[in-house]
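This is the structure I want to talk about, given as structure tokens.
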Amino acid sequence: MPEMNMAKAINLALHEAMDRDSRVIVMGEDIGPDEGVFRVTEGLWKKHGEKRVIDTPLAESGIVGAAIGMALYGLRPVAEIQFAGFEYYAFHQIEMHAGRYRNRTRGKLTVPMVLRCPSGGGIRAIEHHSESREAIYAHSPGLKVVIPSGPRSARALLHAAIQDPDPVIYYEPKALYRLFKENVPETIETLPIGRAQVIQEGSEITLISYGATVRAMIDAAEILEEEDGVKAEMIDLLSIAPLDTETILNSVRKTGRCVVIHEGPRTCGIGSEVVARINEGALLYLEAPIKRVTGYDVPIPYFAREKAYLPDGDKVVSAAREVLSF
Amino acid sequence: MPEMNMAKAINLALHEAMDRDSRVIVMGEDIGPDEGVFRVTEGLWKKHGEKRVIDTPLAESGIVGAAIGMALYGLRPVAEIQFAGFEYYAFHQIEMHAGRYRNRTRGKLTVPMVLRCPSGGGIRAIEHHSESREAIYAHSPGLKVVIPSGPRSARALLHAAIQDPDPVIYYEPKALYRLFKENVPETIETLPIGRAQVIQEGSEITLISYGATVRAMIDAAEILEEEDGVKAEMIDLLSIAPLDTETILNSVRKTGRCVVIHEGPRTCGIGSEVVARINEGALLYLEAPIKRVTGYDVPIPYFAREKAYLPDGDKVVSAAREVLSF
Amino acid sequence: MPRKPIELPMQVEYMSILDDTGEVDKELEPKVEAAQLKDMFRWMLYARRVDERLLKLQRQGRIGTFPQATGHEAISLGSAINLKPDDWHVPAYRELAGFLYRGWTLEGILIYWMGFEEGARPPEGVNDTPIAVPIASQLLHAAGMGMAANIVGDKKVVMTYFGDGATSEGDCHEALNFASVFQAPVIFVCLNNQYAISVPLSKQMHCETIVQRAVAYGMPGIKVDGNDILAVYVATKEAVERARSGGGPTLVECLTYRYTPHTTADDPSRYRSDEETQRWVAKEPLIRFEKYLKNKNVLNDADIKKMDEEIEVRINEAIIAAEEATKKPPLSDPLAMFDYLYADLPQNLQEQREELAKALGLNTSETEPRNAATSARRGA
Amino acid sequence: MPRKPIELPMQVEYMSILDDTGEVDKELEPKVEAAQLKDMFRWMLYARRVDERLLKLQRQGRIGTFPQATGHEAISLGSAINLKPDDWHVPAYRELAGFLYRGWTLEGILIYWMGFEEGARPPEGVNDTPIAVPIASQLLHAAGMGMAANIVGDKKVVMTYFGDGATSEGDCHEALNFASVFQAPVIFVCLNNQYAISVPLSKQMHCETIVQRAVAYGMPGIKVDGNDILAVYVATKEAVERARSGGGPTLVECLTYRYTPHTTADDPSRYRSDEETQRWVAKEPLIRFEKYLKNKNVLNDADIKKMDEEIEVRINEAIIAAEEATKKPPLSDPLAMFDYLYADLPQNLQEQREELAKALGLNTSETEPRNAATSARRGA
């Protein structure tokens, strides 16, 4: 396969999934002739028509609720919410039904659906267009949540999500859509949901992130290596729920130091859960408090101040140095 | 004042607030002639009439959205959502507007409203009637969240919430409504939002909880004192957001051991944030991993299995003993 | 003309066939065979007797709080009998007659009200969803099912139920709009019992009928006397036929009364008069259907006595079976709360399951999680 | 009659006064003074020119993506002029004319599109909410304000705006229902520009008009030609008068066309033809109003030229002022993100503010948080 950006890789996965399985249908606002406001659904409507590529009315609860109905019916809907900020309109459907039908009916009725959603900041957007609130879903039993960090993981995780027998929230860090290209393999690849990846081994400190801030983590690791001679171990979580505690603990038991990085708000964010699990499973190995480099507990600002809000390499480096020199 | 139960104390605070301030209005489903499904709004409609005690149509987003409009207008709405599980229908209004108008308009438009809501398990209810998802609001910038643990704190916190210039989520652990009585002072009392209370001093271990599970914490402390001769320091958080980090850290710096208890799901719950803050501020004082005694990461079961799900004194004692003997 | 009324293309209708004295409109009377009519009565009676017994059980503390269904039998049964087993039945919670008719065991229903998820597992052989607690949320699932039926092209229809209070929820609007935009084969049956807990219809909406909401969706709408099983039957039959032949959704408003408290925890004397309730008692659905059937010589007192006896036996057996079931696994096993959340059991839930087992002094190796390969495979 | 159509008590209407050739219906023509008519034109022209310049600024990268308002001037201005300053104006985001008319400075509007919250601060002296980004959510605030007006009894009215796409949201339904149940003085002005981004009205709803939704709420409804400022003015004037005198809410559907891309990031050629757009250009609101005013001898080309010159000066000044403002505090201060979340600054935010200051090498003691006592007192 040629190199491709993440938008293209997601689009590829959608094409592949729809080609392979006629139960897969795609739905959302402006995903048909318009091909999605980020063009992620390019070519699907032309190829499969409006029966399987459905432009819905402007109603997020409607989209999710109808997708749940389709999933109960036996289809495999992949529903898009145009921006993560608007998913809140559907939160009751997600929490009360998508995540619960299997449990409620003791395995009889299931909701194998995917909720795709561009998330996060970095595209100079107005209010409500830059949200990262994956922690809310991690706190909601019955859901799985995955967030890719580049083209290859995006394609592989989307296939895994579509094949999963349970509802999966699939966040697309939109800052990455066109940020860089990667080779994706010829054949379809899936990544196991619930498994993190160690993307660089190291022994002195563990950096943990996912999604768009994996870039900040990598930037920081480069600086740390160059300027401090420290090779950081880097973990890309990929799955937010379930969280891969084992990989996290193994790393921190080795390094004894950790920085966790994400762009959603800090309080009760994924970072706090990571810290709590390290506390439970590796406290005695810790040589310094874990630092959280995250979004602050304010709404992500309109775009002029957004950069200051978002984690970046420098912030991660500072945190890592504090942890290293503790 | 005579001794009264928590339902009565909340009712008293509503009467007092409506008597004092004509801007205070109360609204929700069945809160008028029916006086609330838990009778918490008793007497209000008879006294103040349907202009200030408003039975709304069955629409939670409507209730919250309209309350926001009233608050913008200059009133001080106290809106009720009948059960915390149904607040999800209004989550977009809560997150996108209640918590943001002040920030968005740089202080010009504000939303001084209270969202009252019976929360938690323990009343043999059917699905969706036993939720404790306060962590979602703690993760949403712009909101304050308070949860009383008995009649006196309920009245004082409700007054504080109504007087607060910003939106406050006020959860009423419904298991406590009629569980026990307490004396409340003659004059109106407020508790500062953002401040926890040390309800018992101790030196060997810190127990932290809030809301209904304060009872489990107290039960556990009694057993620990009797059977193990350990006097636990007990913290009642009262405010979930902002969280009183200082009180938590002071205590754990003293005891070096901690159990945090709540009934909402564990992952990304309040407990994880407490652990994360202790990690940041008191790691070196810790002599054992902090234990979380919480609801499990499954929907709270229908009532037959609910008791097994909820934290109780025994679970807290076991956790405390593990922490103590670590 | 630059200022003029807009002609609305669609009209909503009203229909009643069997009035509250038991008189029937001969022209509109549907042709239903005697055996089926008798069977309809039997199901209604069964639902009524179950409801009455549930109340007793609740008073005895043997089941939890529940919403009574008395008076809603004509709506629930009269519509459900128009469905095939593999059509979808998407109820709210007052469709007791429909649940029983669709094959939900009484044992299971009891288990539900005893507080076990196991009671929410739909029976095999039908496409049913369980009770929907969050008001109006199920209507969107029904809309989605109807959209799916159109995609798959298998001619199934979806019948879904909601109360008058439910009409105020945004989800109700979104569901009606989705169904109409996609011409989904969904019959929206509104049980207008004039109250949402304590809130009367006049405070729920500012218009005279619920059925006029159909105008807002360009959808056929019909209002019927919901205590008249013949009218419910005819109206929903037409709607089912239209839906099955590609004619899209219908809104059917069925007017009845909530004869009982909202649930066993409610006290209606706080917000309505006993006289009002009494006025409606005379109109309730079983009395008039009994009269009608007796007039037709389809039913006599001996039949009813026999039905009642059989029903009592069935109810008694079910109660015993349900109470027995609660003593054995899976019901007796609190660890079952972890069994079916996901097709597999993630690590953190495995650990929490063991944590709970330890707290309860249970041996986890003896109680394997039940969300086994079968359900995983079904979902996959 | 046991089966019969239901008579709906209320009719919805259609009205147009000034047609697209500039001809006026003499009977319906409102009596507006020449000076005011001219002023109306001036505001429309101002909004149009601002919109055109915003586009240029966006293309130059000096502001971010924004939704153009061209073609929506008659709706926004024609309705807003019926409000008093202390009535509430609750817009969505295509009401540029209304924003300007209500006293929002162009400098502030530019600052908004440059990505600063400061641009969303409403001016003093009017009761306005800023742009509402989450579709339909503002309608509930409007309903609540109308309920508050009834409680306080101060005779204020609320005018709120939403698109055709917004009608599909549950919040739109809940807002219309609340307003009608509580007879709140709210005028719901729908800017039906026939598209929600790429989705045409025919895929948004299955009925011919939006105004027929009024039937579902027992609410008066009127549809007008939204490119006809006289019709918008008359319809909303009637609605305001009814609302102010206790007659409750009105739904006003204003038909127009989205002449531009949805936002500067949108490419309409993907989903609609250029011919379609061209057909609508001839109907746009300024041309016909200009003709009308010229026919009435209220306006001439010299007037327009003068207006245009003044407007250009104003726009140029505002751009300079806005770009200057971004270089100074508070705009230049990233720490301002912490300033106004709460009336006070909780401990965790104080710490995070310092953390950020440190990361940016700023000195926090020099930049005190701005959410000072004033705002706290206002809220208290």
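For reference, chains read A, B, C and D in written order, and residue numbers begin at 1 within each chain.
FYI, contacts are C-beta pairs under 8 Å (C-beta built on N, C-alpha and C of every residue); 3 or more make two chains touch, one makes a residue touch a chain.
Owing to the predicted nature of the structure, the values given are computational and were not obtained by experimental measurement.
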Chain of greatest Cα-centre distance to chain D: C
For chain A paired with chain D, centre-to-centre distance based on mean C-alpha positions, whole Å: 35
Whole-Å separation of chain centres (CA-atom averages), chain B against chain D: 39
Approximate Å spacing (C-alpha centroids) for the pair chain C, chain D: 43
Chain C residues counted as touching two or more neighbouring chains: 117, 120, 134, 168-171, 174, 177, 181, 203-205, 341, 348
In chain A, residues with contacts to at least two other chains: 57, 59, 61-62, 85-86, 89, 92, 96, 103-104, 127-128, 141-142, 243, 267, 297-299
Chain contact graph, described as a line, ring, star, complete graph or other shape: complete
Chain B residues touching chain C - in the complex, by the definition given at the top: 29-30, 32-35, 37, 55, 57-62, 85-86, 89, 124-129, 266-267, 296-299, 301-309, 314-315, 318
Chain D residues within the chain C interface of the complex: 2-6, 8-9, 11-17, 25, 28, 168-174, 177, 180-181, 183, 203-209, 211-213, 215-219, 223, 248
Chain A - residues contacting chain C, complex: 25, 51-52, 54, 56-57, 59, 61-62, 64-75, 77, 92-93, 96-97, 102-110, 112, 141-142, 144, 163, 165-166, 194, 242-243, 245-246
Chain C to chain A touching residues, read off their complex: 88, 117-118, 120-122, 129-130, 134, 137, 139-152, 170-171, 174-175, 177-178, 181-182, 339-343, 346-348, 370-371, 374-376, 378-380
Contact set on chain A toward chain B in their complex: 85-86, 88-89, 91-92, 95-96, 99-100, 103-104, 127-128, 133, 135-136, 138-142, 241, 243, 264-265, 267-273, 275-276, 278-281, 283, 286, 288-292, 297-299
